[in-house]
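Both complexes below contain subunit A, partnered by subunit B and then by subunit C.
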Partner chain A sequence: MSAPALALDVPANRGRWAVVAIIAALFVLLLLSGVGFGSTWIGLDHVAGVLLGGGEKMDRLVVLTLRLPRVVAAALAGGAIALAGYLLQRITRNELASPGVLGVVDGAALGVVLFLAIFSNESNALVIPVTWQPLAAGLGALLAITLVLTLAGRQATSAVRLLLFGIAVAAVAKALTTIFMLIGPIYQASQATRWLAGAVDTINWGEIQIMATVLGPLVLLTGLLARHLPPADLDDVSARGIGLNVPLYRVLVFVAAAALTAIAVSFVGGVGFIGLIAPHLARLLVGRARLAGMLAAALLGGMMLMGADLLVRVAFAPIEVPAGTVTAIVGAPYFLFLLMRKDQANG
Partner chain B sequence: MSLAATFDVPQLTRPAPGRVLAWLVAGVLLAMLGSLSLGYRIYGLGQVWTAFFAPDGSEAATVIAGLRLPRALIAPLTGAALGVAGTVVQTLSRNRIASPDTLGLNGGAALAVVLASTVFGVQSLTGLSLAAALGALITSLVVFGVAASAGGLSPLKIVLVGVTFASLSHAVVEVVLTSNEAQLQQLLFWLSGAFVDRPMSHVTTGFPVIALGAMVAFALSRPLDALQADDATAQSLGVPLPLVRGLAFLAVALLTGAAVSMAGPVAFVGLVVPHAARHLVGLRHVWQLPASALVGALYALLADIVARFVIFPVEAPVGAVTAVVGAFVLLVLLRRRAA
Partner chain C sequence: MDEPSRIDIADLTLAYGSDIVLDALNLSIPRGRITVLAGPNGCGKSTLLRAIRRLHAPKSGYIMLDGKDIARLGSKDLARQIGLLAQSPSAPADMTVEELVRLGRYPHQSMLQPWSARDTAALERAMDGTGVTHLRGRRIGSLSGGQLQRAWIAMVLAQETEVICLDEPVNHLDMAHQLDCLDLVTRLNREEGRTIVLVLHDLNLAARYADKLVFVHHGRVVASGGPDKMMRPDLIAQVFDVRAEVITDPVHGRPLCIPLGRATGQASNTAPTKLGV
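After this line comes the complex of A and B, so read on.
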């Protein structure tokens, strides 16, 4: 049985970096307008002024303490999840794979909730630094993906089967998350929607700093791995034939994907479907090139979460609807569309 | 593929189905007693007796008759409804991992309830359970319609379509809930899937709907037996396929809708129960359907009792307990297909 091909129209190689540059420009534009929009509109020139260190005092307050953190967090988390999705789709050669359906997101969420339940004292304060939280999320994510792959075993080559194992593992993790949330301090339950649905409204600079610190080396590692990702149209045997150490890179890629998902989920929660759609869009726009594809996927993922957050702020104000619900409502039909395409390999 | 191979029923000599059903009835009654006496406080059987036949206004009597009795009735009703619905759905789709959850019916019913109460202001329990049934019916039509229009999706893919619909309706529910904060508390509670704190009126509105759905399903026993093989076989046996399918979907929608409107979406009951029932009484629906009802009732009662103790003294939502068990069963079913 052949895995579904990642076949999409490949634009001319030459234009690929130009496309990436355009995406990057749009990314910056969305970032600035994400900061500008809100209960009061701040002109893009004012936003730019504040970011460059100037600006009026009021603008500085709103931009730097209220709006910028959530926009930056959305950009980082969306980018990380999209990158994880890109890696997973490439390594499983499965265009339906994503951190969400493979149980990685729910595994990470379980890790966070367990961490909070274990390391909180009676007055609901953490007894160890919050810096450790991403590690807990990472362990949860890694455990989930390991479970899915081990259980699927030889069936992992079937696109649909692998996903069903992922869905089952995700369901276990989700149920355990609910249970542990009930045991844990009330502080956690009030933030429950964050890990269940994904939201960026309560993030602060301290958390962003941790995110950025962990993401830096991870992205570097991913960039190095990119050169060794087997080309999309090679199966394992051929990849080995051209001298790639498939098992080693496979493990490294899965670890990297788990870690990227974990860092996003750890502070922003389970944002669904970005890890599915962003890599697809990237492939559509820049083709199968690895480095450009990864960069485009990350930028697009960041844009999607920023866009979703902007939408919930503008459309539902003053109520904070979790941004993750928007990505799910947009993403689920897209996933259905992929499933229904007839050229897809059957389970 | 033979039926036994499709459904992994081992070829053993089983005890007579009638005897199995009798044992199950005994088990359900015992579990109901357990549901009345076990919990944060444990009451003896004597106190249970007093609460019903010589109410003395004591705390024990109030708790047993007022709080525990409704859940000791709602749990088996919900479990039975989801069990029968699961069996019918698995037969209809010839799919061992089909269930009201994995096909998105639970999610559709839950979405319909939330929309009906927030957007259309429906308050009555009857109205809500009708809305839930309608939601389940529409979802089943959409999921199977999508599957059919795509040229017959494989069983596994249908499940992926259903799961995606479930997550879609979940997201919409979340949007509706977070933008209607007044009703958030009440609805959140219901959404967790639990038997606790439901009024007796849930039982009296839910029971007739479930009874109707179960009777329709039971009346379809023979045609459902024939459907297990394949369409051609069923047709050659004189089964009017469209009529049987339509009625069966209606039964599933009524059962799922009533269960969801009483207890919320209790996860994976409809997935697990049919497998147990088949192992106990075999493939004939005359036995399989009542066995699913009884196994479902027993399973829901036991899960509800377990939920009171897993994180004692706090109570876990029973939906979380059945989700853990059900997801493990799903994993086992997927694994077994590999062998």
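After this line comes the complex of A and C, so read on.
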């Protein structure tokens, strides 16, 4: 009896991983292009040469100190936010859930703005190491999601209620962020505005190192947590019926999603809609399989932010437009499309 | 009843906030039998079933499974002993039947115990027993009501629990599928000796399939026993507010209730009823 089951499974599996492989290949291509494009074009072969440890001295300088950091940061941050979105969409069983919609992005942003306002001196320099910034973002993100969950209370099982509370908390966090920027030192405001929209152009290797150090264990933890996502696909009663401790599991997943979002937002700002679209596309492309889905979502998320950054560099140079504006311009209509489609499905 | 009980409920009070649903209830669920909980809408029978599966924490009292308080069992441990089919379960529309049934094996797996031949065997048996093997690759969203219900029952069967609770399993099914479903449950009970607890609100279906019938009304167990003892016009009037005649089903030899009309005003010994329709 199990032979036909296997025969059925294998091609589906192969197809799924072939799609992931294609996405990964595009990801690498985009990463190389992201490094190649700029005020001067550096050929992809030169880029690859530098990345593999060779290359000319001039190329090395431009690639390694100017361009690669922002591309890597975009890839990491986009991937982290997409992964958080994947977790949230599955645990709430709602394709409209995302770190942005649930207030996590704005909570993290508020944490960072407060951090900058409190710990900066007159000359706009931090008085404590930047290492603490993700912690501030994490606190803000956790506070936001805790607030959403507490407000939703017993209604937390209802995805719609959760989203409504998330939107409300996000609005409050956003308003507070604006207030703190206005009453804070004026020399920070213009910098913070750009950063709030999401930008990767000012990032350096030190910050990327912090990002990667935190992301490593976090992604590992997420992988372990994800083992229990399939039972969580069922309604609460059925999921608990087969032995999943749903309330505890939901909290753990929310915390993981908040942490993933926080680390990204803390360094590149509040990039919108990646956490919504990337996991949704991943599900369209590879189906419900969780490992392939998570990988695809992370790669797509990274690609979206790299692509957005590349676009603003090419289209708007020499003005640095925040990459987050591109993701928002593309993302908002997609969100509306999903909303309208969901309405149709419901009625 | 002298039969050994599988589940003993002692002094159980269930509440939603401060609204008490069931008050100081005592009940035993006999091992290897079909027990049916029946009663009018809102009497608390579904809440009782959920409490048995520990989905509703008691305000006070105990539920003992083989003499052990279920409050002390781990989530997966309990899920290996009591299975539950929820009243209106839901799964993603793009999930396949096989994926759904596989989830029934979740409590048997852990990081140290990945999917094994035993799990495959249980999966195939569950799909076989419910007749959904040929639907294994179909998406949940494309199934008919009867097929969907069978797929869910297969999921609960794959759990391989000794006790199976089903909350109104024949709701929204047509007559043929109602019989299919309950015959399947009976077969599991007779052939494999599983203990079954059902919530049904069709009294005649309850009388036909139950070994033990439990009437729940106004937050307490009004009476419980075999269908012959329970299907009495006075008891039916008291619990369901229905004036009825009870005859013997000429085919199955089970009691059959023929409702004649509202009992209110007729059975003067009943408490004033708050029932709506």
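Just so we're on the same page, the second predicted complex is superposed on the first by the 302 of 347 C-alpha atoms of A that agree within 3 Å, B and C clash if a C-alpha of one lies under 4 Å from a C-alpha of the other, contacts with A are read in each partner's own complex, and residues count from 1 in each chain.
The rule is short, and it goes like this: contacts are C-beta pairs under 8 Å (C-beta built on N, C-alpha and C of every residue); 3 or more make two chains touch, one makes a residue touch a chain.
Predicted model only: the values in this text are computed from it and were never measured.
Look at A:272: by the touch rule set out above, it reaches subunit B but stays clear of subunit C.
When the shared chain is aligned, no partner comes close enough to touch A:52: not subunit B, not subunit C.
Of the two partner chains, neither subunit B nor subunit C is touched by A:127.
One of subunit B and subunit C touches more residues of subunit A, and that partner is B. In the superposed pair of complexes, A:329 makes contact with subunit B only, with no contact to subunit C. Shared-chain residue A:93: touches subunit C; no touch with subunit B. Look at A:227: by the touch rule set out above, it reaches subunit C but stays clear of subunit B. Contact with subunit B, but none with subunit C, is seen for A:340 once the two complexes are overlaid on the shared chain.
The residues of subunit A lying in touch with subunit B in their complex are 96, 151, 153-155, 160-161, 163-165, 167-169, 171-172, 174-176, 178-179, 182-183, 193, 197, 272, 316, 319-322, 324-326, 328-329, 332-333, 335-336, 339-340, 342, 346-347. Partner subunit C is touched in their complex by these residues of subunit A: 1-2, 5, 8, 93, 227, 230-231, 233-235, 237-238, 240-245, 287-288. Across the complex, subunit A is touched by residues 97, 146, 150-151, 153-157, 159-161, 163-165, 167-168, 170-172, 174-175, 178-179, 181, 192, 267-268, 310-311, 314, 316-317, 319-321, 323-324, 326-328, 330-331, 334-335, 337-338 of subunit B.
Within the complex formed with subunit A, the residues of subunit C that make contact are 50, 53, 55, 75-80, 83-92, 94-95, 98-99, 103-104, 106-107, 111, 120, 124, 128, 133, 136-137, 155-156, 159.
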